[in-house]
């Protein structure tokens, strides 16, 4: 019996030492990890709203504290609204694809970044592919300048060129953005009309 | 009486005329009509795909046997059949290296690595196809060539899209309408409805083979011609095809429609895609299917269930290959479960 | 709604994200204990049992001890200012909990049911340090499942593992009688077979359950 | 065995993955890219070396009956350190390796070495053993990852290595590719060993 | 009646090998002149061998007893020519090994022993007296297994026989010995059967004949009426192995002999038509078993015949009488092609169980190298015993005898149906025999 107590004691001490060590390590790394998360979000928001001031992107929340969308301003005083950003989630081939999308006040897409996806490498994952010699992922780049009505993949008769052999992933991104845009439009009570009609 | 060497062996001293090579070559022959049909429907390129697949299959078998110091047995025709069936499971416009790599995989890792003919647990040709599908999905799912004589009833979405593919797309649209009508443009709904009705009218095209698809799977008529011959020769048995096709028909009738239970179109599902090829020529591969009658019934039903699951809710429009491969995995268990009763075994002693 | 979620979790765990063929968890016992069908079944049952148990206990440990929420026991016991975030201890906590749990279960089974002990007992110690068990608890945590979902995912992942193990064992028994080249016998051919099986299981990928 | 021998044995003769079939899950799971393989290998080696050192240091004080739980606690501590640091300093790698970092805890290579070697040998020998085993593990991962990444993605460490018109063999970076590659590598090694024997 | 005819009961499995009976079925039995020397093995039955009671130099007459049985399951052998015992030595035996045999040089007189005498009052003998006469006559079943007939006719009291079956199926291809015997000696066969019925007192009796011998069916029906026994003559569908007793019992009565059991476990007893006739000779004429009908056939002999042959006659003597063998003859077989035993020495003697001497040409034998099993399942469908021959084959060849036993290797009747249909030409029966032998050896070792 004494033996058991002794051993339990030793084990307990070792565990407490371990927990202590880990507590220390966690204390050191915790801010870094949080910083990383924050950075990731910030980078995404900046990619979505390239014209906004990094300090002036503010979340808009519902009564439960869930973030509905972000507003981006061109200046730190948050007076000049340049656009909105929102998170679009669509069901892809093997994962939920999360995309951060930024639109200007007229509802035109000005920035986009895929935050997370676990699609098939080499197939669906090509939605993040950067072609040799290019800077931006070609699939995402085509969304820039598009409005709600353009958001359809080629197979559904729209202008978005889907990744070859990965219509499911392509469609998931495109459709989720379109739906997000529609939701945003309702939330903010409609976009502004474009300043000038593009020449026909 | 004069001296002579009498041959001594265990009884029996008579044997049937059948031999493995005779069976295999006649299976190959019974596949010939569908192959000729493929060249007629899809053009000369289909012949090249068949040629490369067969040459690579036979060549790989011979090379491996030689390397391992075993007798070379390619004359038994089994590698030929594997190559042939692999080609039948590929689009007609495949680049030449696709059937070659597929055949090397099928024979090398699907068959010879287990010791060759008779020991492979899974269907080599289908393994070859599944390997190609996972490696180069774009080549394996794009059907550019429209069959000679036009595509189904004048639907010209994309040339040569397979009937099952079209059905799946259109039904997806109709299901979407049920969930959220606001989201789908009316014109798309109309188009989908029209497609479905056209597809369901296309039995003639499906039967003769004037539809898109893998090169050997489209003509139900030509396949049945070969199958009838094999049945007559008793090289294949009706148990697997009947239970397989029956299950597919029943389940697609029950669950295949968009308006609730029992609104599906079983005849369409039976005629479309690779079901006839799979049920008569691939699920019946004796090496990789159960050996007892009871096991064969269960095998066919299992193939049918998985095929329908994949066709209706899977990631692919077609489920025949995967269902057969998956059921191949259960064969040792089915063999164990379906042992015949030994004579006098039921009686008490 | 709830039932449907559970159904989706089950189908996913067994067929789509099978522990062996897609998630790569529990491979050592999969290759090691798949030579004979009988032991495969025994091992499978033991894994199902321990996975279910581990999922539930780990969930409780996480929810009441580690997570920085109102439910945190330390928060109330020590009257802390705010709930402590102890999630960084998840690995060490889960592995200790699983190890003691298995020991305890082994003892109980040995005392109460010698027959069950004979069937499962020898596999239990093997399972303690097996990544499938720890893996499922970590996955449950990562996916943010509630208690019921976590238990179901634990059980069904075990079922998926057992399915893979039993199929493999029955095939390997047949391969014993096959003419496999000398160099490939044993573990190499088992891996090849696992590869071919996972090709077949690709058929389930992309399954959409509405 | 010489101290150097303790180091070199892990590389081929007693390679944990190829010769002992241990630690298979992370090996197969993360060998789809060379980057992941290197990351995993370094993490694993760190934990192996550190836990071997600590276990060998405390081996005199630990009562026999509770040595395993104590080893586990030691190992888990180092694993958590790696996990947290990786999350803080290499978030992309941390995301790619997923739960396989915490799962190093249950990797039988580590517990196996603690139990079979470090618990019975001096600190220096244990350090060498840990380094050797870690290197062996990393090499095994690298071999698999090289095949899988170059064939399956046409790249090595993210850099393109393929001819024009090469179409990557996707299956190699999918789960089947992992199983088939290790099966073939093991078969080839068997064949080689039998030929030399 | 028509309905019941079309729904004739049969057994599961079985095969249809080419019959080739037309070679001899219309050829009446010829008497083969005795050879100058006969070789009579002391063991031609299942059970303990018998011991010689003559020595070299003794002179003997036909029917003189040469040996004494050494136990209950044992029968004597008799001289089959008159002459001098030349030697008692080991000689090649058609079943394989060398066996102690009594070699007699014929004196050409062909004189019968005095003990062989008709007994006009034989019908009033008691059952035990009849059994004694049957045993003294050296009777062992002539249908193949050569089990001592008196043993079969002594069922233990707890296993009463209610059904007797006379086996005239002759399902083995090529062979027509039983067929001719029924055509030419129907009455003696039925008289023998009457004696069996007297001994056993069963409730019912059948005579089972395959329907490729409808002439024999007619003749036997007539004989049954004439002799006045209460037996049903049944024409059975042609299917090999219809004549195997378990299958025959199943087809005629619907009863299944349990695994490892004997026909008497289901109240049945089966006896070959030749045995029945020999029983009549033994009881009514006190005449021992010294000759039998042998079909000499196959395309490897010049003239195929049915011969009445003295036991102990070398095969070569019978073959010479039939014009010798052809150039392309490759196989010499004792018995039929399905169960017969291949011989390499044509000097082996005809024994009590020799129903045929078969010489096959290269074309008929279709010798081919065995391949590998492609799991076609034909063997399983063919096996009349419900076994899985391919599984047994691979278990035995991997020396997994215990599993083979679980899978029923001991139930195999070695009928050869499986190997006949196998497209891979696997030596399945060989494996079955090996498995049974090995298990037998082990059981003996275990005690």
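A, B, C, D and E label the chains in the order they appear, each numbered from 1.
The rule is simple: a contact is a pair of C-beta atoms (placed from the backbone, for glycine too) under 8 Å apart; a residue touches a chain by one contact, two chains touch by 3 or more.
This structure is a prediction, so every number in the text was calculated from the model and none was measured.
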Minimum number of chain-to-chain contact steps, subunit B to subunit D: 1
Farthest chain relative to subunit A (centres taken as mean CA coordinates): E
Centre-to-centre distance between subunit E and subunit B (centres being mean Cα positions), rounded to whole Å: 50
Approximate Å spacing (C-alpha centroids) for the pair subunit A, subunit D: 33
Whole-Å gap between the CA centroids of subunit C and subunit D: 22
Chain centre separation (subunit A, subunit E; CA means) in Å: 88
Shared-contact residues (touching 2 or more other chains) in subunit E: 372
Subunit B, residues touching no fewer than two other chains: 109, 116, 119, 131, 134, 137, 315
Where subunit C touches two or more other chains at once, by residue number: 88-89, 92, 96, 179, 181, 184, 189, 192, 195-196, 199, 202, 205-206
Residues of subunit D that touch subunit B when the two form their complex: 167, 169-172, 174, 176, 180
Residue ranges of subunit B touching subunit E (in the complex, touch as defined): 1, 4-20, 22-23, 73, 76, 78, 116-119, 286-287, 289, 291-293, 339-349
Partner subunit B, residues of subunit A touching it in the complex: 93, 123, 156, 164-165, 168
Residues on subunit E engaged by subunit B in the complex (per definition of touch): 11-12, 15, 17-18, 173, 246, 250, 255-261, 265-266, 316, 319-320, 324-325, 329-333, 337-346, 358, 360, 364-368, 371-378, 380-381, 383-388, 390, 407-408, 411, 414, 416, 419-425, 427, 429-430, 433
Touch list for subunit C against partner subunit B, complex: 166-167, 170-171, 173-175, 178-181, 184, 189, 192-193, 195-197, 199-210
